[in-house]
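In the two assemblies presented below, chain A is common to both, partnered first by chain B and then by chain C.
Here is the complex of A and B:
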């Protein structure tokens, strides 16, 4: 295919994308403004935009955002330290890998969100139960990827380093860590994403504060326009954080 | 001396045995903790949870709630697979539509759908419809993405060969694309099942009129950890069985490639 036609193809697909999104927006606007879709189900996009501007301008979102991000930071810190430490310890022996890896993978296949009612019973409706659910969901990808990273370093590198007289620390710093880091970073990124999702989800289900709580609160008050604005805000925050972690991962892998 | 040595040897040869011992130790720890350390209004020992499992099933409404949840999972999964297959093929088989729509699909896949959970309830009510819809919203994207990847990964030489031997469009689909799609289709089904489970259970826990979410809330508010743990165990078992079925299917149907 010539490069000229290729360029034209690319342009056409961009046009289709823009057209699709524009049609969606137009349908949304027409549906709410003229065709009488109930504003309780789907508010007018212009109204949502005003609400969003109001939320951002008044700084009303700050307390909720602080709660959610605080929970996320604590949960991710706990699952990182415990996941990487435990993963490293298990990966030191092939036997331990064969004992523990299927066990952890088995628990990982259970939808851990099921334990949320239990955590609410243990830790109450406050941040405690959200931190617990975020930690236990993000722990598994981190520990499994740490095991995969450290446990399956090519034997030939280890043997070569040993035979050249590398100390334990040198072995860790210059052989194991560089080999394992990309896999571990992937685990950390997945862990971060699922921690954020599960914290937003558990705030939606049962909570006292946080972005998820705010959205539910507005839904129950039937303030749909403001709820849409908060949803857009939460999605934007999540997208920003995910893009940030992905680019951090890519940058760290390149080194 | 030789006895301990042989025990050691058995354990070293069978990691599964050691794994069972770890599981047993964890359950023992739970039992001890629940019996002597933790307040019984928060935690019940596993022995009591198991022995009262029968009573749980006799609780008014529990069998019906489990049936509803299972039904929601099945319907959501079936719809996800149907939509995922159609959209995946439509997007994957044409270069142009792949370029145009894949970024939109990936964008939607990347947004946290939990934030719009209240919206699903507003639109579909608190009955099974909203759970099914939310389950589909979680299950359909991994299926689409995996099927597109599977269709794209077909070696161009196979398509060219089939075409140059005069195969019709349908024949190419039936004999080249279809067999190549099978492994990725089942891989997508496995990921889709994980998504459907997450979506349906999230929606159930959020609000439920007669499903299991109603009972988890009830047992939590009544400080009844025995039945809560029993119900969670039954659901976890259900999830494991469903996951295992699609995983087995994936291994079974993906085998021709490695042979």
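Here is the complex of A and C:
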């Protein structure tokens, strides 16, 4: 009974969400087709759709997508390994937690994107500076959540395992890791989201290739319809990846 | 049962302090305590809060090292946990919440080093013994407090140790659940040959379960007196209504009352921060 009620509630809120998007699209269409909004500022959605079909059909997007995803993969891999390793090491001593946790949390609150000009100076306009920015932004949520995950495992679990004769490795594998995992996974998801965001963003500021770069390039050439098509494409990619990481997180937490 | 059996646990002039003398957090938890626990005996430790009864239990189990004195289990001096000789049941929530009930029991055997083929039958046997055979695939969060403690007991039983240390295992449960668990525990343990040390706050629980009850004085704690409860196991639930039960309970109450007052006054003197 109550599950049917739940499902009806969910359906109703879905309907409102879809309705809202449809109304927005309708406004967009009416504004460009009948109300005389300049196509330079806001292109007709039908035109955008044709551009998108052309981009997808011709495979023109592939080189840019490869650059962006490559930067993301490398940045995320570096911040994962370094963040989890460092976080685990810090979590092993109460003293290290007291010293480093506030320090890292302090640096995390700095808008690291401001270092982009410096990174461009160090690593050039290519993928190097994007990987650097993506890594240094996603490193902090990962390392902080790893410290929180491993550092605050309830003592009773450790004591119980010790009383039953758990070895150091068994303690890690069967007690510390499962206790810490949900918190670490949340850190990984946040890290992934901010890495993608900062890489796309920095591509729009200073770069030679990538989806962000393509979008700015089209804007400067006043090809607004094609730019909108690329934005829609990038949004779709980002939404897919974020949904994927969220569902991976949920699935891992359920176990 | 306790009569003339050989000694399973021998505690000699043990004391324990947290911190050094002069430190602000220096606490003498236990002072110069000696005690012999016979094989197959159930000994209850009872006393005011902070009297060191849990400290003594943890030293017997090797989770704490005494500041002075020695603890022997059989002929082994205890300096660290002895997973093959001693199993623990803690106050609450020592089950791993990420494992189902049966996985919790099996994980204990993994830690202890039991061959894998024995895990399943031993886990099922001990869960059946505590009355949880229909809940083996539940997670701890899906169980009531009483059922969680049954599962923790099953995990300890599956380790098949000679000694079982229980640190206020029913302390967080309501009075009725506690009574039922106590009765079941008495039946269950009368079938095993285990030596059991059981820390409790409850006078009734101590008299109902124990062969002997060791009464602690206020801090720095030590054993003030040991009372024998001469009544065969398993104890009949109607034991609690007998004159003998009331007399023993009243005697415990008399011994404890002054110590509890002292302990309360101590903590009041320690100031508002404690």
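What we mean here is this: the second predicted complex is superposed on the first by the 236 of 255 C-alpha atoms of A that agree within 3 Å, B and C clash if a C-alpha of one lies under 4 Å from a C-alpha of the other, contacts with A are read in each partner's own complex, and residues count from 1 in each chain.
Operating definition for what follows: a residue touches a chain if its C-beta (ideal position, glycine included) is under 8 Å from a C-beta of that chain, and two chains touch if they have at least 3 such contacts.
Note that the structure is predicted; figures quoted are calculated from it, not measured.
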| item | value |
| --- | --- |
| Which of chain B and chain C A:104 touches, first, second, both or neither | neither |
| First (chain B), second (chain C), both or neither touched by A:89 | neither |
| Touched chain A residues, chain B compared with chain C | B |
| Contacts of A:37 with chain B and chain C, given as first, second, both or neither | neither |
| Residue ranges of chain B in contact with chain A within the complex | 12, 15, 18-19, 22-23, 42-43, 95-96, 99-101, 103-104, 110-112, 114-119, 121-123, 194, 197-198, 201-202, 205-206, 216-217, 219-220, 223, 225, 228-229, 232, 235-236, 239-240, 243 |
| Touch list for chain C against partner chain A, complex | 61-63, 81, 83-84, 86-88, 90, 93-94, 96, 98-99, 107-108, 110-113, 159 |
| Contact set on chain A toward chain C in their complex | 154, 156-157, 159-167, 170, 174-175, 178-179, 255 |
| Contacting residues of chain A [partner chain B, same complex] | 9-10, 12-13, 16-17, 20-21, 40-41, 95, 98-100, 102-103, 106, 109-111, 113-118, 120-122, 196-197, 200-201, 204-205, 211-212, 215-216, 218-220, 224, 227, 231, 234-235, 238-239, 242 |
